[in-house]
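Chain nomenclature is as follows: A, B and C, assigned in order of appearance, with residue numbering initiated at 1 for each chain independently.
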Amino acid sequence: MNEPLPIHCENLCLSRNQRQVLDTISCNFRAGALTAVIGPNGAGKSSLLSCLAGALPAATGRLQLGDRAAASVSAAERARLLAYLPQQESPAWSMVAEDLVALGLLPWGRSIDSQHKRERVSRALEDVDAVSLSRRPVTQLSGGELRRIQLARLLVGEAPVLIADEPGAALDIRHQLQLMQTFRQQADSGKTVILALHDLPLAARYCDHIVMLQGGRLRAQGSPEHVLTPEQVGDVYGVHSEFRWRDGRPEFVTGDLV
Amino acid sequence: MLANRKVILTLLACALPLAMLAALSSGPVSIDIPAAIVDGWYSDSSDAVILWQLRLPRAVLAILVGAALGLGGAAMQGMLRNPLAEPALLGVSSGAALAAILVLYYGAVSIGLVLPLLAILGALLAVASVWLLAGRGASASRLVLAGVAINAFLSALMALALNYAPSMFAMQEIVFWLLGSLANRGWDQVLLALPFVLIGALFLFFSRNYLRALSLGEASASSLGFGGRRYPLLVLFGIAFAVGSSVAVAGTIGFIGLVVPHLMRPLVGQDPGRLLWASALAGALLLLLADVLVLNTVGTQELRIGAVTAFIGAPFFFWLIVKGRREASL
Amino acid sequence: MNKYRDILRGLRLLSSIAAVLLMQGLISAPAYAQARIASLNLCMDQILLQWVAPERIVSVTWLSGEEHYRRAPLPEHVYLNRAQAEELLPLKPDLILTGQYGAQRASQRLDQLGLHVVRIPDAYNLAQLQQQLASLQQTLGALPELHQQRSKLQSLLDQAPEAAAGNPGALILSANNITYGDGMLEHELLTRAGFNNLAAQQGIQQLGRVSLEQVIALQPQLLVFYGSDQDFAIAHLAERHPVLRNYIDTGSVYRLPQELGFCPALAAVEVLQQLMEKRKEIVGQP
């Protein structure tokens, strides 16, 4: 179950409302690597992630989960292989935080006993530094607190592939860094981690691989150093930037508008 | 807190047989219940006949219909992710009632399977219309708007049916049908509704995890393995079977589906899956108690049970609005 | 002289004609025997349609055109009115029959306009029914069926009522669980036929409600339904309850015809006869 599961997509195309949101995208998401999907608003980041997670069906092209075609994987199995956190997820009912986290174990049904489930939930809550929130109703949480609970829900299944859309958007800096470290650890443990990110400095600092989208097309993919060049960032975002190494760590700084 | 919830749920479960006893001892004729029980099912003594053939089926039907309505309300709220969803409020019961009226007055009076099946079809069409019109995860206002629109349309059709009713008596009948009643029902009616309610409950049982996953939203639910049209259809059919068949035998009884899931939700930790069974239990209890109330105060013929539940439900709705305004969450 | 003789002869002729007419009037045909008749009342409609030659009927109410109420064939030339004076005026009927209630405004207006409107009293008990039949005969003349109905009713009523104490119990279970108590025509028919109306024994005056439980507890020997169970599903739901199957299977049921409710003149005699026969069956049983 916890075998590494790289994802490979080839010529992925997707239209929504007569608009081509993904246009012949071919890219790889390695197991054991933290991959960021970046691009300006409307570039197709969320669509690509939903597509990978199976939340958006009916795309043309080829999607491989490991050595299997995604289409041949049942929805239930896919849910056990891929955990997905959409950009916006608002709980409909005011359940307590740990109950929301436990929903992440739904794909396993009864195959995990309740004792084991509770352990998993508390471990996931620890991972996101939210143990103190466990008995709070989710509608009473702040945006950042809720986001952390949702991240715990993402992690609780210990799926080999983690896909999160803007996971750190509502978080303060400390929790953002904590979050990226968590994802880093997950990737280091052999998982395929795919994040849509707006925060390019964070992407540069923590990610192994960057997929850059522009207008639904793949603009570039590769290591941060290779993708986040001043030319490409300037072209795609219209912003001056610099990618440099400092004390052996990558650092990305933005400047003025082009 | 957790212990409290369990205690309350256990109390509710214990209250059901007590309410059943109360229902069995309520009626216009006073009977000797122990003797009637001793006499047994096949006895010809009037006490036994009253107990086994009149009061018991009526109480069982109250439980069945109440459970089906509670279940339908809980499922509908879960699927639409909205606490305002209610089968009667959103036209599901009207759809079933309209179909039933059309069968009763404009078709053959073929009692049997035609009536429940058509009522289920009517309920299905109504709930599917609301679902398609409002969309899943619709805001409260859009949902109520869609429900009101569907209900208005069905009311128009019902007005048309009233207008072209074959006689004045048929009009009265339609009105009575819309008020809902448990009077004069027997085992035949119980057996007519039971299989369909059970099928509906089974459908909803299989969709309980979908409803749970759906509390995170549609995208998350589909990433948790509950994508596609299969699950929504399962819920739609489940609601239609449960509510449609109850309407087919008891007319439209409103507000159970609204009030009960609301009251039960805190007791099950807001879990839409467990809410189904808690609502079925509480719905059964509420309708049975309402029936006992009617039997012991005004008598069964003068006041229809649907009017009673409306009197319970409407103030509850007011309370919801006031509470919503206070919390500014509506 | 001749003049006077002529006059006398003329007077004699006139008087003899008058006498003949008067005799005819007294014996059988009143002034409206050959007249064109219209009706503003459902019951009058049905009486006309059943007992009067079709060519004499000008108009009946629209209700008589409804499947639900139609008991006699409806001739094509008959105009279906909705009790509006304007509708009846152009038809120029010689006689307009109306009931005690309903169509008041139309009948008043027609009366003011010089048409001959006759109000026939409604019948809510046997005495009123006899009055109604009498006043019908007075107005319409001695129609054979009407006459027959009247004398049959009289002879049935002349029979001494059966012993009261040991009379079998009967209970009417009508649509929407309505039962008929003391003071209703249906009660009188039951009593006259030799039954104890259990509803009246329970102290029900006029109309009352009876639940299935009460039906079972009262254990009537004859269960009397009312009207057709074909038309309405919920109103007659009680009748189809399995708990009453025993009554139906053993034939301990009687169904009052629906027209007894809106026009007893048509049905009362037949019902009384049938109830008497039913009683014989029941009492005859060991």
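By our rule, a contact is a pair of C-beta atoms (placed from the backbone, for glycine too) under 8 Å apart; a residue touches a chain by one contact, two chains touch by 3 or more.
This structure is a prediction, so every number in the text was calculated from the model and none was measured.
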Centrality ranking, top chain (CA atoms only): B
By CA centroid distance, what chain is farthest from subunit A? C
Inter-centroid spacing, subunit C versus subunit B (mean Cα positions, whole Å): 45
Nearest whole angstrom, what separates the Cα centre of subunit A from the Cα centre of subunit C? 86
Listing for subunit C: what residues touch at least two other chains? none
Going by the contact rule at the top, pick out the subunit A residues touching subunit B in the complex. 50, 53-55, 57, 75-76, 78-80, 82-86, 88-96, 99-100, 103-104, 106-107, 109, 137, 139, 153
Subunit A-facing residues of subunit B, complex: 81-82, 137, 209, 212-217, 219-220, 222-228, 265, 269-272, 329
In the complex with subunit B, residue positions of subunit C that touch it: 66-68, 175-177, 209, 211-214, 216-217, 219, 230-235, 237-238, 240-243
Residue set of subunit B touching subunit C in the complex reads 27-29, 31, 46, 49-50, 53-55, 104, 109, 111, 166-167, 169-170, 172-173, 176-177, 181, 183-188, 251, 299-302
